[in-house]
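Handing you this structure, nothing more for now.
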Amino acid sequence: MEPWRTALATSDATNIWIRGYDIASLMQRATFVDTIFLLHQGRLPDKNERRMLDAILISVADHGAGAPSCATARLVASGNRQSLSAAIAAGILAIGDEHGGAGSLCMEMIDSGVQRARAEKISLKDAAEYAIEEAKAKKTRLPGLGHRVHSEDPRKDVLFNMARECGLAKEGVAFLELAEVAVREKIKPLPINVDGALAAVLYDLGFPPAAGKLFFIVGRVAGLTAEVAEEYAREKAMRIRIPVQYDGEPPRELP
Amino acid sequence: MEPWRTALATSDATNIWIRGYDIASLMQRATFVDTIFLLHQGRLPDKNERRMLDAILISVADHGAGAPSCATARLVASGNRQSLSAAIAAGILAIGDEHGGAGSLCMEMIDSGVQRARAEKISLKDAAEYAIEEAKAKKTRLPGLGHRVHSEDPRKDVLFNMARECGLAKEGVAFLELAEVAVREKIKPLPINVDGALAAVLYDLGFPPAAGKLFFIVGRVAGLTAEVAEEYAREKAMRIRIPVQYDGEPPRELP
Amino acid sequence: MEPWRTALATSDATNIWIRGYDIASLMQRATFVDTIFLLHQGRLPDKNERRMLDAILISVADHGAGAPSCATARLVASGNRQSLSAAIAAGILAIGDEHGGAGSLCMEMIDSGVQRARAEKISLKDAAEYAIEEAKAKKTRLPGLGHRVHSEDPRKDVLFNMARECGLAKEGVAFLELAEVAVREKIKPLPINVDGALAAVLYDLGFPPAAGKLFFIVGRVAGLTAEVAEEYAREKAMRIRIPVQYDGEPPRELP
Amino acid sequence: MEPWRTALATSDATNIWIRGYDIASLMQRATFVDTIFLLHQGRLPDKNERRMLDAILISVADHGAGAPSCATARLVASGNRQSLSAAIAAGILAIGDEHGGAGSLCMEMIDSGVQRARAEKISLKDAAEYAIEEAKAKKTRLPGLGHRVHSEDPRKDVLFNMARECGLAKEGVAFLELAEVAVREKIKPLPINVDGALAAVLYDLGFPPAAGKLFFIVGRVAGLTAEVAEEYAREKAMRIRIPVQYDGEPPRELP
């Protein structure tokens, strides 16, 4: 078998390097969030970029024990007390396009809109209106717009204000705000939610669409570890059995 | 079904609170590592505690694409390109007592030694020697001591020096250093490795033994997300097939 | 890297062999359950052994959507509709010593008892009484005895009667029945449950203790696939949010 | 929380019913494969349907330790010896559209072709040619056609011959054979592979497209449990470290 190729990390008998930087130096002079940025972008963030990524990861760290990812981790901790890894991993598996993944889809929408504006030499406003018209015609969802739980999400304003203060709000933030206006005019008010806000900012930080989901996972793992630790500390194994109503075939004899 | 109990996070239509702190405030004034500490300890860390936890999480963030957790995530990314979550989750499943879990076992050994010293009113040195004698008699492994890959691990010195500078090196660090001396005298030289170093420091920061494994997972997820992103970006699906040598029954006829 | 060794399966450009048997022949002349037995034991079962393994796998195939493994698979299907694998895998992660794993622990207890009887040349009855006395003294659970859900489990009688009819009830069944008598006399009535019944029969079929958990997984995957298919067919994504009661810190200001 | 709805299984204090049939009766009079069919279709199979499903599940049960699903399960067993479930679950996570999932995609192609023939009142041959022309124009893959490993797959002939003998070969088998002819004429020879064969037969048995992936998982779990059991029995923990070649940034100083 050919060795696998990687540009992320290497080591010898006495050293480990992450993207070329000695891990001992990183431990002494960088933060964990710097290292996350470094792993994904190949360079260290500046002060403002670090601040934005910190805020993004905090924004998704936990959302209560009943959120699908947290509840899944707890159910596994209830049935299987031999493996902390199993409970955390199961929690991550509950993260998909429907839960925690809208950021990636929104980054794709932003990227597609910004590319169109450049390619067709139209304004971002026109590109945003085009995206909304298209979604309306095809009856597709608009990822990052509209709220499932919160009627207004305080996390969005924090992220966008911080991005502006830091001079990091660029085409991603601009496009999504224009899309929010267009959707209100053409369909109905669908305010930018936290998935949209982190998508726009991650886009402006130079990350590819997959980062929307990957950074949701990084942030949420903080919460999942705490959820599982609390389940072990406060609850007995097998405490959880979900109530079910059977509506299938009544009892019958085998043929 | 009774509602599940939790003291970690709650939310209403417009707010989310983590351990009582408004998430918008945390995003503006805290770091992601502060939030991790907060979720697990119920209080924010001071500057020195934050610095230690940053260093611990960096120390385990990645160790090359061939480490079991990273290789597992890549194998799943090779066979299943529909779910980033599946690849990250599989990488976490490879973390157990053997890979990434020695920190938890070492924290249990430290805790047991420190408890013994208190209960029996003996010195930490005597308790450390007792622990080594016991492991020698029972022929059990000494978690956190000895190196699989690195003959000497630079991460250990960084963590212990930083803990001393920060005034955070307490009984955990002391006990493990005494155990390292005792093992050299009674068995053979087995230097403290990174699992042992982070175990001693996490113990002195007030975390329970499970934290050894849980914080390894939090740190490693940073690397796993980058490993999976690199696999998607650089490699085709189904590129990996591990070479196998069959040594079982030769071809035979069904009875 | 050295090739990995295996005695299970091999293939060339035109054939696949399982334990030496051509897969085309197996497909034509064997059942799936024969193949499961073959993979684990290296030989095909006879008619009675097949019948027993069929009954064991059916006995654990499903237990309602609220069982931890089934509920976990559904939660993941609710949050992540991109990956059927993720939902099934999460369901399996909920299987541990507490849910679905008691069979393995019971097989260890049986094995230990039978070994003791042989080594110490005592009767199985004495060995069973010894095991119960020991569990009573150490206050440990008796895996395979006692019921969580069913006051009496019809699956136990089916398995034991079938084992007797098939001439396959040996030391495993005998030991567990003696243990049931001993526990009633020395502690309290704790009837053999389905985990115990399949453990005794798998032991008598010559499987090692891990088989208790592994065959629970094989059987339950049948149910998990149907649970996930039903969730996709009948329910919308993100339908599930578990109710939670927060009992932690009230809202407070950041320091 | 509203109880969850299900038509699969229910139980009371002394009984469990699967699709209305008492589990004790199923254990006595049905096979495991009957129960799998029952869970998914709501009725028991006849003799021929059972025989086909047995053959399908055997055909994918194992393909050597180096296949992505098997290798993933072994890697996890190497790093984490606390949880059999974790290793099996990780193996399942490696199953996606690229590995084990082509059957589902092929069932979708078949279904789309058969629907088109009915809707447009054209022959299956014309519908098959249309599907091939379309794939050629869009340069999309043809799931179920062409071989990655085997130049000719013996499992395909077994499944199709058996389906014919059993009188179960219908539009699915016919459509895929017509597609094989059309692809040879219009593109290049791409013989039907095992994914295609099981897709056509599952389609003719009345299963929906998801069944292609779900039954691959059910079959492969038989192999995964044996792979993990062999890894535990024959190999030490942490034996596996994949060789890696680093091609990233050379060592550099932190700014």
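A, B, C and D label the chains in the order they appear, each numbered from 1.
One rule holds for everything that comes next: a residue touches a chain if its C-beta (ideal position, glycine included) is under 8 Å from a C-beta of that chain, and two chains touch if they have at least 3 such contacts.
Owing to the predicted nature of the structure, the values given are computational and were not obtained by experimental measurement.
*Asks:* Between B-D, A-D or C-D, which repeats the contact pattern of A-B in over half of its pairs?
*Replies:* C-D
*Asks:* Please state whether C-D or A-C has more C-beta contact pairs across its interface.
*Replies:* By number of C-beta pairs in contact, C-D is the larger.
*Asks:* Whole-Å distance, chain B centre to chain C centre, using C-alpha means?
*Replies:* From the centre of chain B to the centre of chain C is 31 Å.
*Asks:* Taking the mean of the CA coordinates per chain, how far is chain C from chain D in Å?
*Replies:* 23
*Asks:* Could you please state the distance in Å, as a whole number, between where the Cα atoms of chain A are centred and where those of chain C are centred?
*Replies:* Taking the mean C-alpha position of each chain, the two centres sit 36 Å apart.
*Asks:* Taking each residue of chain B in turn, which ones touch at least two of the other chains?
*Replies:* As it turns out, chain B has residues touching two or more other chains at 1, 4-10, 22, 26, 30, 64-66, 71, 80, 82-83, 85-86, 89-90, 93-96, 240, 242-244, 246.
*Asks:* Please output the residues of chain C touching chain D within their complex, sorted ascending.
*Replies:* These residues of chain C touch chain D: 1, 4-11, 13-16, 18, 22-24, 26-28, 30-33, 35-36, 39-40, 53-55, 57-59, 61-66, 71, 74, 83-86, 88-90, 92-96, 149-155, 157-159, 162, 208, 210-211, 213-215, 217-219, 221-223, 225-230, 232, 234-235, 240, 242-243.
*Asks:* List the residues on chain D that touch chain B in their complex, please.
*Replies:* Against chain B, the touching part of chain D is residues 1, 64-69, 71-72, 75-76, 78-83, 86-87, 89-90, 93-101, 148, 237-238, 240-244, 246.
*Asks:* Can you list the chain C residues touching chain B in their complex?
*Replies:* 1, 3-10, 17, 19-22, 25-26, 29-30, 42, 44, 80, 82-83, 85-86, 89, 93, 242-255
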